[in-house]
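What follows is a set of structures to go through.
Below are two complexes that have chain A in common, paired first with chain B and then with chain C.
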Partner chain A sequence: MTMTRLTRGAWAAPGTSLEFKTGNWRSTERPVHAHAKAPCHAACPAGEDQQAWFAKLQEGQPQQAWRALVHANPLPAITGRVCPHPCETACNRAALDGALAIHNVERWLGDEAVARGWAYPVDTPAPDAPRVAIVGAGPGGLSAAYHCVRLGLNAALFEAAPEAGGLLRSAIPPTRLPRDTLDAELGRLLALPGITLNLRARLGRDVTLDGLRDAFGAVILSPGCELPKPWSVRGAVPADLHDGLHLLRDFMDHGALPDAARGDVIVHGGGNTAMDICRIMKRAGANRVTLITASALPGPNTARDDLINVVPRELEEALEEGIEVIEHATVSRLIMKGSRVTGVEIVSLRKEPGPDGRKRRVEFEGTERVLPVDMVVPCVGEQVSPDGFEGVLDGAYFWPDDAWGRLREDGVFAIGDARGNRGTVAAAIGDGRLAAQAVAARLLGGDAPVADLRPERGVAGLNTAYYPAMRRTAVAKLPVAKRGFETEIEGGLSRAEAMAEAERCLSCGNCLACDNCWTMCPDSAVIKTVEAATDGSHYVFDLDYCKGCGLCAQECPTGYIQMVAETG
Partner chain B sequence: MREALEGSLAIARAVAMAKPDVVAAYPITPQTHIVENLSKLVAEGDLHTEFVSVESEFSAASVVLGAAATGARAYTATASQGVLLMSEVLFNIAGLRIPLVMTVANRAVGAPLSIWNDQSDAMAVRDAGWIHLHCASNQEAVDTTIQAFRIAEATELPVMVCMDGFVLTHTMEVIDMPGQAQVDAFLPPFAFSRALDSADPRTVGTLVDPGWFAEMRHSHHAAMGRALGVIEKVDADFAKLTGRASGGLLTVTGDPDARVGILAMGSVVGTLEAGLADFGTEAGTARLIKLRAFRPFPARALREAVAGLDTLIVIDRAISPGLGGIVGSEVSAVLQSMTAAPRVLNYALGLGGRDIPESVYPALIAAAANPLAPRFAVFDADLDKLMPEDR
Partner chain C sequence: MVQDSTRLNGLRAKHGRPPAGPHEPQAAPSTLRQGQPRFRGLEAGHRACQGCGEALAARIVMENAGPDVMVANATGCLEVFTTPWPQSAWRVPWMHSLFENAAAIASGMEAALKARGRNTKVLAFGGDGGTYDIGFQALSGMLERHHDVLYVCYDNEAYMNTGIQRSSSTPHAASTTTSPAGKERMGKRHLKKDLLSIIAAHHIPYAASASVAYPADLARKVRYAMGIEGPTFLVVHSPCPLGWRHASALTVEVARRAVECGLFPLVELERGALTNIMPIRTPRPVVDYLELQGRFAHLFDETDTRAIEERDHLQALADHNILTYGLAGTGDDPVDTTGIAHVRRGGPLAERT
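Our next item is the complex of A and B:
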């Protein structure tokens, strides 16, 4: 402190107490703003930052929210309906009063954008911008095309079918995804300048991979999996075998099922296609539909990797509709009368360590039992149809080297279900975005994309005392008796409900602007700024006066403030 | 003009004549009537002041601190537990050298709970750094209140005007109230040298590091020393204007040649004067010393006042348990430097509202005649009321 003459009563020149730089008492830790990933974001295969778009809704800006959403996922009206929403499984609010209804709000935003004609936040690429060929106009290819345009590239889609949509159109019933919703959202995307769509253009028949590589700067392969995996039981295959995917396609195209589907049906498998065909057959008049799955139904002790991999609400609705499920079982023998199936023997599975020490499922001898059936429908997965990809496929699928889908062939990328370990629309959409980023870096220059390695902010990192209890918004569902083949089963949210649900977002890992740090800092060492600071928040730490007490970090509801070790 | 007035009303009128800019107070027996009367004067338009109704004595003291810091003339009043609740702010007011005036209607401090008069409350904050002036009558309390504003503003020290609760505050007395013109002539408008000014900001209450604290304390103590002369001069000026002095630092009455002296503060002085008049011939006369300034403590004036006494009886209206009397101890300390200091007998009297009758006078004179009289006692305690082990 400078030598000052104090008046009587020690009245001093103004501001003198600021000369005591209490910040130099700080010894071990200092607070920092750390924008960690919210668990929803970390779990989202499409790479959406749900926290970011919920924040815009909390500000009362639905269009801004939609723009933040489509920065990653251009098809929210679709994913809001068909995604198994791992974001909700991961949501920190699940530990309080129920996960956010993220998929319902996503769907509302998507529908709102269609209804109000909100324009996608992309510029038209220059006519001479590099061109990218994309094989397959399913969710992965459409996402890749959108992101190519967003990043300044022209995109040409090559689709074997007469319409775009891929399995969105061929394998998802209208009861989950109404066709007008599908057409509206795809139509808006495909109308973007810079995207051209070539229909009935099948690789290997109408175009070749080499031809595309010659004519385009890069090729993104998103053919999906349209070939059912071979299925037999100890070599036996019924003569009139219909696999689930084809039954589903035929039913959606012609509205008809084989006669045997009126009796007792066994569906063997455990994915969303299995679920969809079970429900359609039941509604179409099957006497009894039983799903035989190696996985487990959800329960308090069900391990995450043991859980049947379907959209949770689809399973719930299937059980409501009377679908029977036999878990931890497989088909061990077909009982044939001539070439026709009259029964199946099933056997339970148990886990046993294999030669490599990892547990695997083996048949549990002695648990065999026989079910009389009229039809067996295998639904054990699909693989890439190899036509046109000879030499590029590695077995049944593509196995790219990295998250961006780079194949060994220079300038060729593979995305979506064809990667073999994906399996959701959202993953295909995420793949499309990542491949487009890598392609843009390759064709336009600039840094190659890097993985986001920020940590995830789990519920233990929040101060949940600051969040008042709010119940999850419930949506109406069509009663079982009214469920048919067209009307959507799950209802939507009203604007008021969507906005209210957004209020439930905890803003995990990002600043809520709640003022707790500013209010509670005992040293007034948190300064509130009018303009956003470089980290995007409206607060900065005045380290001249911060004693490092950690109160701000303790009282930060979202874990955005972290104490880090002082260095030096 | 001479009027028969209740003490509290007279004080309220005296405060009003000083034209305070801000009054903040919280009611507490036996002070309540003072601020009630002030609020009536405000309500009736006879007093133009910012009257702040606060939620506690802590706030009352804080409000007047802040008001005075801006250059406003400020007043508050309290008693007993109210003084204690204010105590942190009282130290701040004095340490910040804020001039303002507070009446303390002296009352015992609980526990045991008592609403009655003694001087424990003022004694509890004797080291806060305030000027303490004790009044023996309502006339003195009125005159001292007006003087207190001038003393406070001249010394930049807060002044506590002490008057015995109930005995003075609730008693009708014929009082010669000064006229407004007299008060205006005596008390110029407050012009605070350090008044806060937003155009020239100052920090009040800053942290003072060890390099400055001792100097601040020394300066405060020295200001108290200089206040002794200010108190005397202000009383003399007041006497010139009104013909009435309030007793300067202390006043000597009674028999100037007596070998026994009795020193007291507050209304008990009147009782002793009556006792001398009624019992003096029979029991023996005494020199009576009315101590008005308890802080600053008038050491030199005291030594002059007791010169020639064999025995000085010091009456305490409070007690410091484990030591004895408070005024008595301080008087004993300052008399140490005398070549022929009188023997000091220190007696606590009238604690917690115990009545002090005139007959206490001959009893005190008898004690002075007893060479084996205890140096300290709670003089009027009836120990037979206590269990033997508690005596």
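Our next item is the complex of A and C:
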């Protein structure tokens, strides 16, 4: 058929506008896919990328989710029970309808892996691979050993106690961490080829640091903090003083407390051990248990750095069980009859900025009051037991120079609670991973590990119009009357509940494959393709046509699309 | 001859176009683009402004109406930015009418196709100027004669292509070049014409309003209209960053707020009767919508009592819409203004259930 030329008209072939590259119009900004850290990930001391493993759950792949999780943290059944979950505090969803129940899902994945026997995603290290000595088989040492194996090294653990676990076994009651859960997860980790465990091997008694340095390619110190910090009130110490950590250990070993613990007890401190001993004493029959803490209880106006540093639900449960808490206070005087305490004077205090800018504690004169007591239990923290570390400790702790735990002694690393500024199981696990990375770089060659400097995507960077409201999954708890010394208090999630909770993840800073950018580009400059998208999204930008309007970035729910300055 | 035109060749060189006429071989689109799992009735390379709501609306309409369609397009931005000769962004038979007669041309196309025994659906496209105003009598005739045409009005609430002159669709108090805000007036004195009621009064099978803020709802309405034999009508709220003076990135946000405040109700009428609405889950104050747009900037002069009065007037108009159409929701609804937009991993939530 021949085409007739129109005299007063014109025609064009279909789709020929493609010859005109409207991308030329972009003058200031262009869209890019920008992976950012989800706040949960940024807040996690163990370095877990919760968003990444929730994404696998959203795809219906629990085993993949667990594998992504244990890439950073090999002990999710444990941390899911004991961690104060700063991830949940940071969760962007807190600003919508409640933070995700991250620790509950983490725990479910850990339990599921144990129940189903999912194998850790690690290969057996070569028999002649370098060997690393790790002092202490607590959470930090175990994590270091696991990550050494994951990175192709052999790991030898040296543990003073007759069993592995460190404070998980000695200082955390079974009501928080049932012993069969602990044994199951530790057992699986310790069974990994490439890990050897030497029990009853105490540094300074059975082995020496120099000996380990000679025999191994590197030494990672993870001894934890075994000694209670010294405590006295203006020089006075009661004759029958029992510190919280020892009471807790004794109780877990023999199930008994001193007689005075039947009366009115004051616990002085503000950490998880203080909380645990308060609750155990109350359940064991104390008349009245009062915690005196310099920090504050959670409230709408409580500053983050003022908040009492305990697992939030533990505090809630303690209050349910009738533990009394006096916040912003300290013990200022012991009232003694002979060498026995009969009362304490407490005084109000606050952390206030001092002249050097650092916070200091200020006691307020005139706020003193006296409480009658039968027992005072100090629980003000612990420090490293110095045997075998002479010359390496700096004061009561190790103070490595960097995030990887490098000490001045060549090839020696320090991790976990023994670093003075840690204090959670998750931080010890994170330290173990970082130290193992540095050790692997040292012994196997390869690049030195680098810090993850990606920006964090806060709630202001999301478009929350696109997220359906979903209430946080509530878990069952043992009623107060039924709480004893063995049965776990917090219940677990079912598979359906865990999967439903995962649906609540906002995928902050990472592609949801929701099609918004593809649907809303007026210029058909977003191309949908799983194959060609190599950045974890399902889309590519066709910059030949993108005019740089910014609509996709604005309507991206997750903040994964960012407008960046056009260069050149 | 075009090839001899130095000016055209200069322009082509500047914009990186090969000096080709329509009869010469064309560059093939990339295979990625060809492999898109949707009908590309309106292709890239069109010259709409950054963030143009009209371009977005037309793309979505084409995806859901095509491929077996023909289009009659009234003069206006959509016509101009898609067909700079010798190129076209359309991948369906498409005809430019005059400003005032898209409906008449479409009627003729439909009659001719019918005479040939073809089932191809005819679409007529017009801006608000071409629909509410100058093309109105042609449209009314098309509806009355019961032509099997889907007429889509891209409502950007002014004559944009000629430089933002007010139309009968321009909202009350909006500033345009022919209703400027100033000492005499607070923008447009008159009200936005309730065109949908007039259209529905033709007793046609289907007339509805939609918005670029809710692509899934727009898609459903297009598909529904496509399934009807007889005249159907859609008006799509399509923000214009240039004329409304908002950031190009905010097109969807502005459109969303227009619906959420009640100023642009999303309703469906069949044979003149209201058959469906999109409930508003949480009505927003009208100022949330106004504050994003320069055309309403004069309403935020707190020293001007007229500004406060006009803001209250617009709020009263929105409240009136909510009342007359019953837009207040009754609890969470998956297809209300909040639920319809929800997504999950892998796509819109609505498509999954």
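As a convention for this text, the second predicted complex is superposed on the first by the 543 of 568 C-alpha atoms of A that agree within 3 Å, B and C clash if a C-alpha of one lies under 4 Å from a C-alpha of the other, contacts with A are read in each partner's own complex, and residues count from 1 in each chain.
The rule we apply is simple: a residue touches a chain if its C-beta (ideal position, glycine included) is under 8 Å from a C-beta of that chain, and two chains touch if they have at least 3 such contacts.
Everything quoted here is computed from the prediction, not taken from an experiment.
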| item | value |
| --- | --- |
| Touching partner for A:F20 - first (chain B), second (chain C), both, neither | both |
| Partner chain(s) touched by A:C514 [first = chain B, second = chain C, both, neither] | second |
| Residue contacts on chain A - larger count, chain B or chain C | C |
| Touching partner for A:A474 - first (chain B), second (chain C), both, neither | neither |
| First (chain B), second (chain C), both or neither touched by A:A10 | both |
| First, second, both or neither for A:A256, with chain B first and chain C second | neither |
| Chain A positions touched by chain B in one structure and by chain C in the second | 10-17, 20 |
| In the complex, chain A residues that touch chain C | 3, 10-22, 24-25, 55, 58-59, 465-469, 503, 507, 512-516, 519-525, 527-529, 532, 540, 542, 544-545, 547-551, 553-555, 557, 563 |
| Sites on chain B touched by chain A in the complex | 95-98, 156, 194, 201-209, 212, 215-216, 219, 223 |
| Interface residues, chain A side, partner chain B - complex | 1, 6-17, 20 |
| Touch list for chain C against partner chain A, complex | 15-18, 20, 22-23, 26-27, 29-30, 32-33, 35-37, 40, 42-53, 55-56, 59-60, 82-92, 212, 215, 241, 247-253, 256, 332, 338-339, 341-349 |
